[in-house]
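The same chain A turns up in both complexes below, where it pairs with chain B and then with chain C.
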Partner chain A sequence: MSGRAFDDGSQGEKDVGVDFTGRASFLVSSSSSSSSSSPVFSVWIVNKSGGLIFYKNYSSDKNTLDTNDTLRLASVWHSLHAISRTNSVSPVKKSSGIELLETSTFDLHCFETKTGIKFMVCSMKKAIGVERLLRRVYDVYADFAMKNPFYELEQPIQAELFEERVMIAVKSCRNANSGHYSGGGGGGGYASSLY
Partner chain B sequence: MVKLYTFHMFNKKVCLSLFSSRFEFLSKQTSFLTLSDADISSLSFPNNTFQGEIVYYHEWSRPYPRNVNVHEETKTLFGLFFTMNQFAMKMDPMKGALGDNHFRAFRTNNYKFHFYETKTGLRLLLTTEPGCADLHEHLRVKIHQTLYVDGVLKRGSGKARYAANAPFECDAFREGLLDWGKKLAHT
Partner chain C sequence: MAPPSIDPLVDQPMSSGRKEVSLSAFAFLFSEIVQYHLQRVSDTNELELKLEEAGAHVGRRVLELLAYREKPTRRETRLNGILTFIQNNVWKNLFGRSADSLEIYNDDEYMISDRDVLVNRFISVPKDYQGMNCASFVAGVVKGCLESAGFDAQVSAYDAPTADDGHYSVARTNFLVKVDANVLEREQSF
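== the complex of A and B ==
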């Protein structure tokens, strides 16, 4: 499962240099008020008790959240996710919890595994291939955090290789979006992974 | 074919009572989420502060029965959208460069929750099936402007006059809502 995903990742990586620069200039020119050039703003991983175990900011924006803010936001999200399943909110039984949060300036995609770990990606509105990115980060987590003999369960992930692989996944998501926005091919393959 | 589940309307009453008690203190904070733990424990809210007021409720269908305790449902829903709004504001990667950030909707595997807050502080909550498109404009123009402001607030006169943002029962509004739901279901 993961082996194939990584092949995809490294193939994507080959075109990253070329496409990504194109993408960056495209975005800067199209959204003048935004200082961010990436469709993926940040990646979050929250453990099953609501603790933040991984956070990485990928937007070029300097004005980012500090460590306390990220920890707080992660646990707030954990609670909101749980509340969305209660019968006070949910009109239907057996809800999965929030998968996508839409706000006026960004989308937050969330994927919860069977073991209760939540992967979150904060992206530009209408960015494509984010679902795929989430699954890929899950693969990376399984291969480079869980299989790391020094990694302790539920604890923050501090592994170079892990961060590197997440970066590759994020870049290939950027690539998918650059194809999408310039109207060319490239993005076509990713569209099928959307709902 | 869009399947609709429930519709709630909340007024601003709760928020006002929340801020009036410690308005000066809270107004210094940029966001509720930036309060430290010590700040939060120093705030003593009366028990009913977080109790919202549902102005209107309509149910098309609800496979998961409503919480029998309406008081609890009100509190949970109010807490949910209030926190969600703060969360969205805090997390905004543009930091307000594109204007105020608002929470608009969230989707789970089997339902979608739409949210719209008017300038007057009325909150409209709608749950539908998950595949539903963005209903922000519908909530804004059709339900709030046309059905509520024009159909309820401006129409009544004398004794039948409806107070703004207060709980109401209005047949015209109910029918308008049902009509809108039918039209939406056929698009």
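== the complex of A and C ==
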């Protein structure tokens, strides 16, 4: 599980490392959303060759990325993820690649399937249930994209039922977070870093 | 001399149990059927026709099986009878529950209405295919059943206004059955 945290905090909060800071600020534009709104800012799905096949913004902030930026970001992440898996970067063999990127304002969770598809969720810091959300989105993908005869493999997903179910998954993540968010001890699972 | 051995399969009573298959396996298979036809047609009407044909084959076989399994002593000869048989027995065997409703539209038009049709569970029809419904396959099943029972009819599937169960939106599909004139004539002679 090496390479779990990208930013260990010791380099100062503003330095996220790599040339990602400038872009990272694109991902979320507000850090101080109230706990009643969704802790999930956006959901991304990247296919195994680095192409973005699904992007949806769920934050109330309408200052969203344009299509080209999202595509570029997705392939940047794809490459970074691949680099983090190589033995030359990872001190321990068989790294799973980046699973969590922490910044001072948001967390980016990434889950890569055995088949190489990456599911990503931008969430508030220490939001709980994001790991579960990632797997639920994977479920939804398996059901409503793969079993849909009008979906072409590796292509952007444009299916009503798919979007509806992802939306429901995102909403249920909010419900899990309401009331707990201010506690501070929420995402205890990520507290320790191997770095 | 030992008696000649009898095929054990013939000896067994006919299974009446409902065998369920994996929904995933079915969904993938159906998806492939649609994709297969999708590559071989020029427009959505043709695609619906192809699905209907595929369904009709299922319908014919299902009627054969169920007529023997569930009503071995009786043959449906009236239009209402066969339609109720389809709404209840056929639907239950194929999809696990009866269809929601069976209504009479005109003298020769009947409508079977059902929510959350199994074949459509995972399917979102893209905008450029608007108006097409993969439940044409099920319409074909109904047509196949009716025809092999001696009721010639045209059956088509339509999207009905979407209901909402508070959590998910539930798509409704209407199957419009238009019975041929010769069947109606026969009905009136009873």
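Criterion: the second predicted complex is superposed on the first by the 143 of 195 C-alpha atoms of A that agree within 3 Å, B and C clash if a C-alpha of one lies under 4 Å from a C-alpha of the other, contacts with A are read in each partner's own complex, and residues count from 1 in each chain.
Note that in this section a contact is a pair of C-beta atoms (placed from the backbone, for glycine too) under 8 Å apart; a residue touches a chain by one contact, two chains touch by 3 or more.
Just so it is clear, the model here is predicted, and its values are computed rather than measured.
J.: Tell me which partner A:T113 touches in the superposition: chain B (first), chain C (second), both or neither.
T.: In the superposition, A:T113 touches no partner, neither chain B nor chain C.
J.: Quick check for you: in the superposed arrangement, does A:E160 touch first (chain B), second (chain C), both or neither?
T.: In the superposition, A:E160 touches chain C alone.
J.: State whether A:E99 touches chain B only (first), chain C only (second), both chains, or neither.
T.: So A:E99 only meets chain B here.
J.: Could you figure out whether chain B or chain C reaches more residues of chain A?
T.: If we count touched residues of chain A for both partners, the winner is B.
J.: With both complexes superposed on chain A, which partner does A:L80 reach: first (chain B), second (chain C), both or neither?
T.: Once the two structures are laid over each other on A, A:L80 reaches chain B alone.
J.: For chain A, give the residues common to its interface with chain B and its interface with chain C.
T.: In chain A, nothing is touched by chain B and also by chain C.
J.: Okay, in this complex, where on chain A does chain B touch?
T.: 33-36, 41-42, 59, 61, 63, 65, 69, 72-73, 76-77, 79-80, 83-106, 108, 122, 195
J.: What residues of chain B sit close enough to touch chain A in their complex?
T.: Residues in contact with chain A: 5-6, 33-34, 61-67, 72-73, 76-77, 79-80, 83-84, 87-88, 90-95, 97-111, 113, 127, 131, 134.
J.: In their shared complex, at which residues does chain C touch chain A?
T.: So the residues of chain C in touch with chain A come to 24, 27-28, 30-35, 38, 122-126, 129, 134, 167-169.
J.: Chain C touches which residues of chain A in the complex?
T.: 143-144, 146-150, 158-162, 164-165, 168
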